[in-house]
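Labels A, B, C and D are assigned to the chains in the order they are written; within every chain, residues are numbered from 1.
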Amino acid sequence: MKDKLRRKLHQAFFEHSTPTGKAFDIFLMIMILTSITIVMLDSMPSLHVKHKHTFHSFEWFFTILFTIEYLLRASLAKRPMRFVFSFLGIVDLLAIMPTYFTLFLPGTQPLLVLRALRLLRIFRIFRLSHFLVDIKFLTSALTSSFRKISIFFLFALVVVIIMATVMYLVEKPEDGFTSIPKCIYWSVTTITTVGYGDIVPKTPMGMVIANILMMIGFAIIAVPTGIITTEMAIAIKSRDTNHEICRSCKKKGHDHDAIFCKHCGAKFEAEEEELLE
Amino acid sequence: MKDKLRRKLHQAFFEHSTPTGKAFDIFLMIMILTSITIVMLDSMPSLHVKHKHTFHSFEWFFTILFTIEYLLRASLAKRPMRFVFSFLGIVDLLAIMPTYFTLFLPGTQPLLVLRALRLLRIFRIFRLSHFLVDIKFLTSALTSSFRKISIFFLFALVVVIIMATVMYLVEKPEDGFTSIPKCIYWSVTTITTVGYGDIVPKTPMGMVIANILMMIGFAIIAVPTGIITTEMAIAIKSRDTNHEICRSCKKKGHDHDAIFCKHCGAKFEAEEEELLE
Amino acid sequence: MKDKLRRKLHQAFFEHSTPTGKAFDIFLMIMILTSITIVMLDSMPSLHVKHKHTFHSFEWFFTILFTIEYLLRASLAKRPMRFVFSFLGIVDLLAIMPTYFTLFLPGTQPLLVLRALRLLRIFRIFRLSHFLVDIKFLTSALTSSFRKISIFFLFALVVVIIMATVMYLVEKPEDGFTSIPKCIYWSVTTITTVGYGDIVPKTPMGMVIANILMMIGFAIIAVPTGIITTEMAIAIKSRDTNHEICRSCKKKGHDHDAIFCKHCGAKFEAEEEELLE
Amino acid sequence: MKDKLRRKLHQAFFEHSTPTGKAFDIFLMIMILTSITIVMLDSMPSLHVKHKHTFHSFEWFFTILFTIEYLLRASLAKRPMRFVFSFLGIVDLLAIMPTYFTLFLPGTQPLLVLRALRLLRIFRIFRLSHFLVDIKFLTSALTSSFRKISIFFLFALVVVIIMATVMYLVEKPEDGFTSIPKCIYWSVTTITTVGYGDIVPKTPMGMVIANILMMIGFAIIAVPTGIITTEMAIAIKSRDTNHEICRSCKKKGHDHDAIFCKHCGAKFEAEEEELLE
């Protein structure tokens, strides 16, 4: 009896392709979404005044629910410590901590939106589908772009600092350009083409500099885009040519989205486990 | 005589390459554009006061015209029910409903702009041209990008929710950051580089967070662009290599923009019918 | 003597690779830039009051200079009528007309900035350089993208019209959403991520719709970018494989930036003439 | 003894792969970052009033430190004059000059942020890593895009000038469209999708023109992106095929990120020296 419960729980928590696992995953997603919605509604002054206590009860309900889930998940894992210090383990802990904190420190409820990070668990529901291939593709393209993009960002940063200082010297403090850090805030707002308009140049010289910064921003957006596009093209090419080796029969030539080895029928799950457990 | 009218009507409604069909398509486009213009002009207070009754008459004129067209189209279709529940059939119905609704519910006239959806019929005029090839190309590139872009959007959503909550804690409600949902509105406005400037950070900490969000937005715009560009490159490659098979003579090797089979002269219309009927 | 002057003039106007031609082209550019600058300075109220008459004299000076140039260019051209109705011929005429108009219609001086179009002549200075190859490359990529981008724009337009009407129904006229055309102005401002902030949503529902429109804008910018990038990639590939045929010796295999045929030494100028004369 | 010091100094300044060189590079980065931070904090009115003298002392401390570094670097270089007139040599000089200027001209301290340019030295720390390959890649892609992008910018400039003038004629000066140069500032703000909202169209005609400009901006951003992406794709292809020749053994076939010749073991440093010295 107890053994059966244990098996069911293991299915619910770790076997995402079984009906029990799928049902549990969907239930969990709904709980997470509802709990985030409650936190958001509670932050609205008009609703807070009226439904304060209802929201409070819901928050504790979800916290206790997620605490039980966290403890079960940790105790059922093969290596509990590995789970606790894994990315998803830390996220699960962060999702329940703020409510306990409110016992000592009021005002930390909004931190409960950290539960939004738990939405990333949604990929577990689709783990056996093509989503995993796409996540791997995006991750590989972004990591190989990282170095080039960071070079690009350093250059952009130097441009931003220098242009901000020029504006600090050119424009008057009364118009919002009160200090270099504030001018940097304005520079970033302008170069990224956001353009709030809370601080705008008033002098002809300032307008010219602002326009130059805008054109730099308009042109350099092409650089990260170009980097990521070419890296994605490379990732697709290598995906199409370098097929992986089956761990069981050591044979090659599998399609990039194969779930089972076409030679020996072994399941390709090892990697996914590492990625999403 | 009656038979001749019926044949003419069939040409007008379904045979877009005949002179009658072309003339009718162009007439229809002009009617749709005029009716949308009338709805827009009617929404302008100054014109509404003056020409209220003229606009009203026009709206009923177009509604009755489109109703007749709808009924004729449905009765002339091979399978009327299939037309009624097709995309364009529903659009055609939506384009006439609001006027009838105004008999019971005043204030629904603006919904008549749903007629704008009928503008998509414009592609029927060009159906035998290269436009169809391009629509198929764009559609295939976008559908194969869909999964990757939705992963990207989920990550972006989690970033937006967390940054919005941080801003809710950092900034004061007096400056517009009154609740988490409103902060999410601000976050989306900032990350998409729209930057209305109706809500702007006032504290140094808030400015730093805003700048980080801007830079995230500026950098991640490269991700959907990269995805769609690579998918388009793949779609072009496969279009150039995998030629379709002629349904009549079963031979391959046709150019992707061929309208007639170069072996037996059969017309390649089957697919288009499905796409645009 | 007269014959020598005529030859010199022909060199100045049409032989851009001779020293006389180069000097004349540079002189012309400086004249055009100066005349545009004068028009701009004249539009500034503070300067207009002080230097009204000086600016006026300069405008007439440049107009007479460009008129002489226009008449000489037309009379020296092989086929004067062809020049008059060519793109650059019309631009040259537009650049002198507004000053003569001011004799009858005051207030048309600002139209003199149409002289800015004459700046496109700058490419003539570089005609023998690599610029021409690049212009041809950009033009071919953009024209072959045109159909796809117009499909994309039609879809975007339908989205803009419908979203604008929804906002017209959702938001109050007091907040700036006074009519459907004005809401379309707001929609375009939002979907293109410009975001002036002169009209902003005030209701929760309006904010949600605004955010959806922003995200659509943020995502669909990828579509024209993807189209143009892939067309450019195609243009480069075809440039590298389909070399042109020399008109003199009919041999192939020239590099895309070759100015002289490597087989017979003939100059490849015919095309350029057509493009820039 | 003196000889040992000299060797240590040479290691610190020029041998970035030795422990001494690495330690010195990191120390230098920290000094540069701290000195920039001081300049920024000093520009904030509230902090300036309180810590004026502390900041002043720090500025002089860093200036003297960087002066000593500059003199040592120049005297230790093989060809001192070449260093003084190199890009990094001029940057190093610019980084110390403003403090000395303040002795005669007050108010030039903010120019000390020119020290930000010294941050580009950070690449020296990574010189033996893959960063150099990436900088070379980005530089080559950008330089080969330069001509095409400048053509694009000239066309955009002509569009901006003409649209600005049309707005100057259409909108009233009271709404901010006071002169053509100011309208150009507005045009650039709009076409780059920054959209401050400090100057916005009020007339229906002005709104239509603004919307057209926005759509142009939204569409043409694709052009520089397409150019840079295709140039990057070309740069990657040529990087993969045209391997460089070793200067020692004249053999080919090295990977593009190789640091040592795989045939004779010679170090590939010549190029880096030129790029970063």
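We take it that contacts are C-beta pairs under 8 Å (C-beta built on N, C-alpha and C of every residue); 3 or more make two chains touch, one makes a residue touch a chain.
This structure is a prediction, so every number in the text was calculated from the model and none was measured.
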Fitting chain A to chain D on CA atoms, where both chains share a sequence, rotation angle to nearest 5 degrees: 90
Interface numbering overlap (same over half, different under half) for chain B and chain C: different
Whole-Å gap between the CA centroids of chain B and chain C: 30
Separation of chain B from chain D, taking each centre as the mean of its C-alpha atoms, in whole Å: 43
Chain B, residues touching no fewer than two other chains: 181, 184, 193-197, 217, 221, 225, 227, 229, 233
In the complex, chain C residues that touch chain D: 36, 39-40, 43-45, 110-111, 113-114, 116-117, 119-120, 122-123, 130-131, 134-135, 137-138, 141-142, 149, 153, 181-182, 184-185, 188-189, 191-198, 217, 221, 224-225, 227-229, 231-233, 236
Chain A residues within the chain C interface of the complex: 193-197, 225, 229
Chain A residues within the chain D interface of the complex: 147-148, 151-152, 154-155, 157-158, 161-162, 164-165, 168-169, 173, 178-181, 184, 190, 193-197, 200, 204, 207-208, 210-211, 214-215, 217-219, 221-223, 225-227, 229-230, 233-234
